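Dropping the structures in below, format is structure tokens.
Next come two complexes built around chain A: one with chain B, the other with chain C.
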Partner chain A sequence: MSEKHEITRRQFTKAGLAVAAMPMFYTKGAWAAKDFANNPGNSSKITLGFNVPQTGAYADEGADELRAFKLAVKHLNGEGDGGLMNTMKPMNLKGNGVLGKKVTYVTGDTQTKSDAARASAKRMIEKDGVIMFSGGSSSGVAIAVQGLAQELGVLFMAGLTHSNDTTGKDKRRYGFRHFFNAKMSGSALGPVLKEEMGTNRKAYHLTADYTWGWTQEQSIQETTEGLGWSTTAKVRTPVGAGDFSQFITPILNSGADTLILNHYGKDMINSLTQAVQFGLRDKQVNGKNFEIIVPLYSRLMAQGAGKNLEGILGTANWDWQLQDEGSKAFVKSFGTEYGFPPSMAAQTCYVQTLLYANACENAGTFYPPEVIRELEGFKFDGMGNGATEYRAEDHQCFKDVLVVRGKSNPSSQYDLLDIVKEVPRADVEYDASIFGGELGPYEV
Partner chain B sequence: MMKQLMNLLKKQSDLTTILMFAAGVLTMPIWLDPIGANYPDLLQKFVIFGIFAVGYNILFGLTGYLSFGHAVFLGVGSYAAVWSFKLLTMNVLPAILFATLISGLIAAAIGFVSMRRSGIYFSILTLAFAQMFYNLAYSVLIPITNGETGLQLRMHDPRIIDNYFSDPLPGLPSTDFFGMSMNGYSGFYFCAVVLILAFYIAMKIFRSPFGMKLKAIKSNQHRMRYTGSDTRPYLITAFIISGMFAGLAGALLAVTDPLAGAERMQWTASGEVILMTILGGVGTLYGPLLGVGIIKYLENIFSTINESVLQQFFSFLPQWGENIMVSVVSPFVGEGWHLTLGVLFMIIIIFLPGGLMEGFSRIQKRYRKAKIKDNQSDSTKE
Partner chain C sequence: MQLLNGLDKGGAYALIALGLTLVFGTLGVVNFAHGALFLLGAFCAVTFQKILTISKKILDPSITYFDAYIEQPYLEIWFGETGLAIIDYAVPLSIIVTIPTMLLIGLAMERGLIRHFYKRTHAEQILVTFGLAIVLQEVIRHFFGANPIPTPAPDIVSGSAAVGTWIGLGENFVYPWWRLIYLAVSTAIISSVFAFLHLTTFGMVVRAGMYDRQMVAFLGINVQRKFTIIFGLAAVVAGVAGAMYAPILPPDYHMGMDFLVISFVIVVVGGMGSLRGAVAAGFLLGILQSLASMTAVSSLLPGIDQIIIYLVAVIILLTRPRGLMGRKGVMED
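Moving on, here comes the complex of A and B:
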């Protein structure tokens, strides 16, 4: 407690100077003698910030992310069974915190709103002195706080965010994403769609009206039109709408034979349930069975949607049923702690925390530009997705992507998805320059 | 000398009021430190929402017209300011002027229509306008607002004025006031000075003939009309002024953090400023600011208290006592801070309908009475 007060008083005296002379705090060129925002200095501990949605349409994902973060902190401090620290390679972590400093954390609620998320992140950075913050579940929020990370010079290790923009046109030097994106979902899904649904279909999009929905709609449209499908309509729906019936009725008479739901979280549960209730899946259009596709899928959503998800195709970043060493170790560790398997949101958040800690160990410092250089181009394995690389050009991780399908006869309440195909990394890779955007400078 | 000073304070001349107010605002980092509220973001929020509430009070406090859509102007101000950053310059001055102007124009339009009715009908009309703007921001106005993602700065924005004078630096530029950064504490002091100016204007309005007219409208509008004075222009002017205050607050939100999202215009944001005003005291000068302080403090500090903090706090108790206290208190902190706010709000409405300021004036009165009694008993003794 007393330590915190010391920091605030120091900040205050600095601010006093800042008013008189030019500001020197939280501003450009403030790294004299390699000082940086929230430098832990000689302190015996570091603080990480976990900024997740605890209320709103993505609250389930947020809760699971928080569990994963807490588990990662435990493992970093050498408590518990070590989880992925037993399988990650190459790895420099020693189980004594990071660079010998004990890891502590603070949490915040993004409310799935950019404003609230930035306020919460600012509190973490300015008051709690976090050296890195993470979290996600909405790309809108991720992009907003990633901008903040760049401004204030504190690293942001994105959690669940699937929009192309996060590492595309809105990429930042201080933001990193382990999760896959809409473009990769499209590339992975394409061949399976062709095989199962043919090359002559009419697609109808319902899209969550923000950056993630837009880019996913675009990527999936590119994929399906590449197969020879046509696009009947693209309808934007507000996030957290609750009732989607007004959007679903027009589909019945549109002549489309495939519905693509660019929704996530509780929105997807609601829209899919209503689509099924309206009898879409029992319909025959143009002599074909009406099909529904949910390009981004998670087990948490499958739990909410229940039987409605049977047989529906989508993609996932990771699934707890994968049989590699890393996945098994993580599922075991998470299961022992909480009594149920982790979601893909939990996995990506856990991995991100470890990757950051490892990069600090490799760099031998918490100085952000050095840590960033360690992460850029970092190649690793044993974290659940096979060989993975953090591409230096856009801070996007490249790894295998899963195409999944809702199971028809689940054996337990968690066994809800069948893995249809593990699409190798080479098939989902793309040129980093296609989305534009600039990372910006190392030193801010 | 001392007596003179006391007399001066009692008179509460405009100058002393504003000097005391300025001293109070500028020393916030010192006296808010013990309660953990001394960090730039929260300090900025205190003063910015202070401006919002002070402006709202000009309408609601003076005329009694309960606008349920004031957050619109906050949102419009933010969007206007960010557009100024994108198109013209990162200097905050044009952004603030532009934002205040635009929100004033929109206030004139909304006020012109809504002010045809009073009471609940006026409230509903403003609410309808607010909801309309909120939904427009998420649908047809997306090219201007960027929808759910929020309007943000980009590396390659035109920024005509800045780029005319110098080549852009690498990275996103940050907002400044002729070289003074708007991040951190310097941002707070900038907003604090704006708040002091805004407060001064509000005070002048409160104590002017115009303010008197507005108060007369509040006490009996029909009588005002019978005496032959047209109330409508006064009402619309009050609405526009308070809309411009809100626009100014919205601009400052964008100044300290160049991002604008439509959630700022949601009806809950409009409701929040009503809560703030009522909590502190409707129609009083300081009341709304008190309300802002309480609500923003609860939102930012109370909401982060979790069980482990509580356990530390109650650790002086025996284990069972600690557990009981933690389980009793925990619903009211963390995510449950709204519950605390609700209880507080109810208590104040029931026992102090005039808000916290009424509480203070009651205490003051009691103190005075006691003093008079003392004096009397003193005189009888002699």
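Moving on, here comes the complex of A and C:
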């Protein structure tokens, strides 16, 4: 009995559609047909979400980030002087929005609290329909919203976050960081510390008790012990402690000759001010001048610390006084728009927005897995800090890192940091596997 | 050294708690805006410093996209070294303007808002004064930003005193001059308030009013007016405490809230309405908090420095529900 092979009309249609769809797998932009979270479809606009601290201790930094985001949107839509779109290489942006769609935005307030930041990001994604969100000022917040980004399938382009965990054990496929991290700060600082402070010191750490503080303490300890220094003590301090006197007085009798302040923002300003009041900088221990190191610096912080920061070494992601074409273009654009120079937080937020937009143009779609693939391993220049690469393995950007020092004789109210050294990217690179973590799937 | 830290911190706590207790004891108002008065005092110092350093701006010609400049204070231009010395003493000099400013703010606050809530429930008083505190701190943030503002002490007292050398405990025992001054000033203010309440007729009437307001009124004394003045006095105490604290902790818009919660715990521990209790509890909890931060203690009991104040509060309230020196009948209805 012979078996009868009949093809129904339904089967024929299915097969035909499959064959017709096949080239899509090999064609740029073909993924546009696939649906995804907040797909703009035929809409003439897309919405980005800017989730920054608008209240709380980092409100000033958040305000500067927001200015940068707004400027980026303006430039993407073909308004203003174009900013870094004049210097970025390679670049596919045309000044007509992204993929021909006008860019709009919504803002949210993280309050520098993980729960508030997640709630705000969720509202942006579910209510406002954002296709990408960005913002920062705290690693705790960045890690929390990055997890949400992965869950909901919407890209998060992190702003200021410096913890190793963001692109280490807590890295996510839907999270990208342009800002440098604690490991890179340690690698950059090491040679300068050796040159200026020698190989025989005793370090005392005061560390903000959360993910960023822990990873910075670990990275700086690895660096200093690699130089031959010993670690006298590592003391965790509560975030927002205000009065640090009870943590500073034990240093006086500890035998340490170097204080490493793993504090940022208001905590750094307060702990440094009080360390100076307790005479640490006038002290001599073990025949050496007592030194203070602030591994992560920012100009906004320097304004708050005033004269206390003079001569103190640290690192920065970027500074408005850099003389490369990209930095000059951004300072010109931001300075003309707002009347003062951008902070490093502003610079990273601006660059992240442009990088996302460019990746969409490169991919020819907003479909997140394709945009992610475009960002992974993307090499670019002309955005400040020299030739840069978004490492595919952990979504960490690698670029030159600045070692800076609080300036003694500023030439203006913004001239607060001296750039001691621009440490080449090669010197701050590390193996992506050392921090563990899993990026997770492309499709969610 | 931790004992000195504790005394110093306790001084600030005691000053705020003293004002809170004065207001509660006289007016019966739970004033959650009291921390904001501490904040306003600190920003009196900041504003005074800013006024003294109004400067001529010398533009940096190399910067073209925005105005970058060096500032030279007019006081320096006009008076040279004398002008610089005046700027250097901005914080202590600011006390001269802080006292009348805070008195006016206190009186305006009491007449404009607080008096309308005398007969309302404590919950309503807390809501309205807490709301006022938030409004005040946001106004400060609007005008001064969120970042702490450096407000240094005069150069001559910006370093540390060799306390250890004085008392034979070695040269490593040093303590900042300004903190020693703060401790002395807070002790002096507390003593003055007690002296005022105990050694003057005005104070005697106020104390009598705190015990039995109706009886004092029956004697033909306008207790209300005296209590209004007491509110102003409490504002001055909080304001001066804030202004003097500015060099220790660069002021920012949130500093009032940071102190407020702890100060309320102190008032409760000391006993609602008890001035002596507030002062004693302020110093006690300040010292305990500092001692709990010692490495030997915190390594044995991690995180104890964060909860010690609340732990002591729980223990005291369990064993002495009226607090250390609380009076019968106060907040017990």
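Here is the rule we use: the second predicted complex is superposed on the first by the 411 of 444 C-alpha atoms of A that agree within 3 Å, B and C clash if a C-alpha of one lies under 4 Å from a C-alpha of the other, contacts with A are read in each partner's own complex, and residues count from 1 in each chain.
Going forward, contacts are C-beta pairs under 8 Å (C-beta built on N, C-alpha and C of every residue); 3 or more make two chains touch, one makes a residue touch a chain.
Predicted, not measured: the structure shown is a model, and the values here were computed from it.
**Student:** Looking at A:94 after the superposition, I want to know if it touches chain B, chain C, both of them or none. Which is it: first, second, both, neither?
**Tutor:** It touches nothing on chain B or chain C.
**Student:** Taking the superposition as given, does A:411 touch the first partner, chain B, the second, chain C, both, or neither?
**Tutor:** second
**Student:** In the overlay, answer first, second, both or neither for which of chain B and chain C A:122 touches.
**Tutor:** first
**Student:** Which of the two partners, first being chain B and second being chain C, lies in contact with A:238: first, second, both, or neither?
**Tutor:** So A:238 meets both chain B and chain C here.
**Student:** By the touch definition at the top of the document, which applies to A:249: first (chain B), second (chain C), both, or neither?
**Tutor:** second
**Student:** According to the stated criteria, A:45 is in contact with first (chain B), second (chain C), both, or neither; which is it?
**Tutor:** Touch partners of A:45: none, neither chain B nor chain C.
**Student:** Touching A:147, do we find chain B (first), chain C (second), both, or neither?
**Tutor:** Only chain B is touched by A:147; chain C is not.
**Student:** After lining up the shared chain so the two structures overlap, which partner does A:379 touch, if you call chain B first and chain C second: first, second, both or neither?
**Tutor:** neither
**Student:** Who does A:109 touch here: chain B (first), chain C (second), both, or neither?
**Tutor:** first
**Student:** Just to be sure I follow: which residues of chain A are touched by chain B in one complex and then by chain C in the other one?
**Tutor:** On chain A, the residues that contact chain B in one structure and chain C in the other are 238.
**Student:** With touch defined as at the start, can you tell me which chain A residues reach chain C in the complex?
**Tutor:** Counting only chain A, the residues touching chain C are 56-60, 233, 235, 238, 240, 242-243, 245-247, 249-250, 252-253, 266, 269-270, 273-274, 277-279, 282, 300-301, 303-308, 331-332, 335-336, 338-341, 410-415.
**Student:** In their complex, what parts of chain A are in touch with chain B?
**Tutor:** So the residues of chain A touching chain B come out as 5, 8-9, 11-12, 14-15, 18-19, 22-23, 25-28, 54-55, 106-109, 113-116, 118-119, 122-123, 126-127, 139-140, 143-144, 147-148, 150-152, 165, 170, 208-211, 236, 238-239, 437-438, 440-441, 444.
**Student:** Would you mind writing out the residues of chain C in touch with chain A in their complex?
**Tutor:** Counting only chain C, the residues touching chain A are 1-2, 5, 8-9, 60, 62-63, 65-71, 141, 145-150, 152, 158-160, 172-176, 178-179, 247-250, 252, 254-255, 258, 289-290, 293-295, 305-306.
**Student:** Please output the residues of chain B touching chain A within their complex, sorted ascending.
**Tutor:** Within the complex, chain B contacts chain A at residues 29-30, 33, 36, 38-42, 45, 138-139, 142, 147-150, 152-153, 155, 170-172, 174, 179-181, 183-186, 188-189, 257, 259, 261, 263-264, 300, 303-304, 306, 335.
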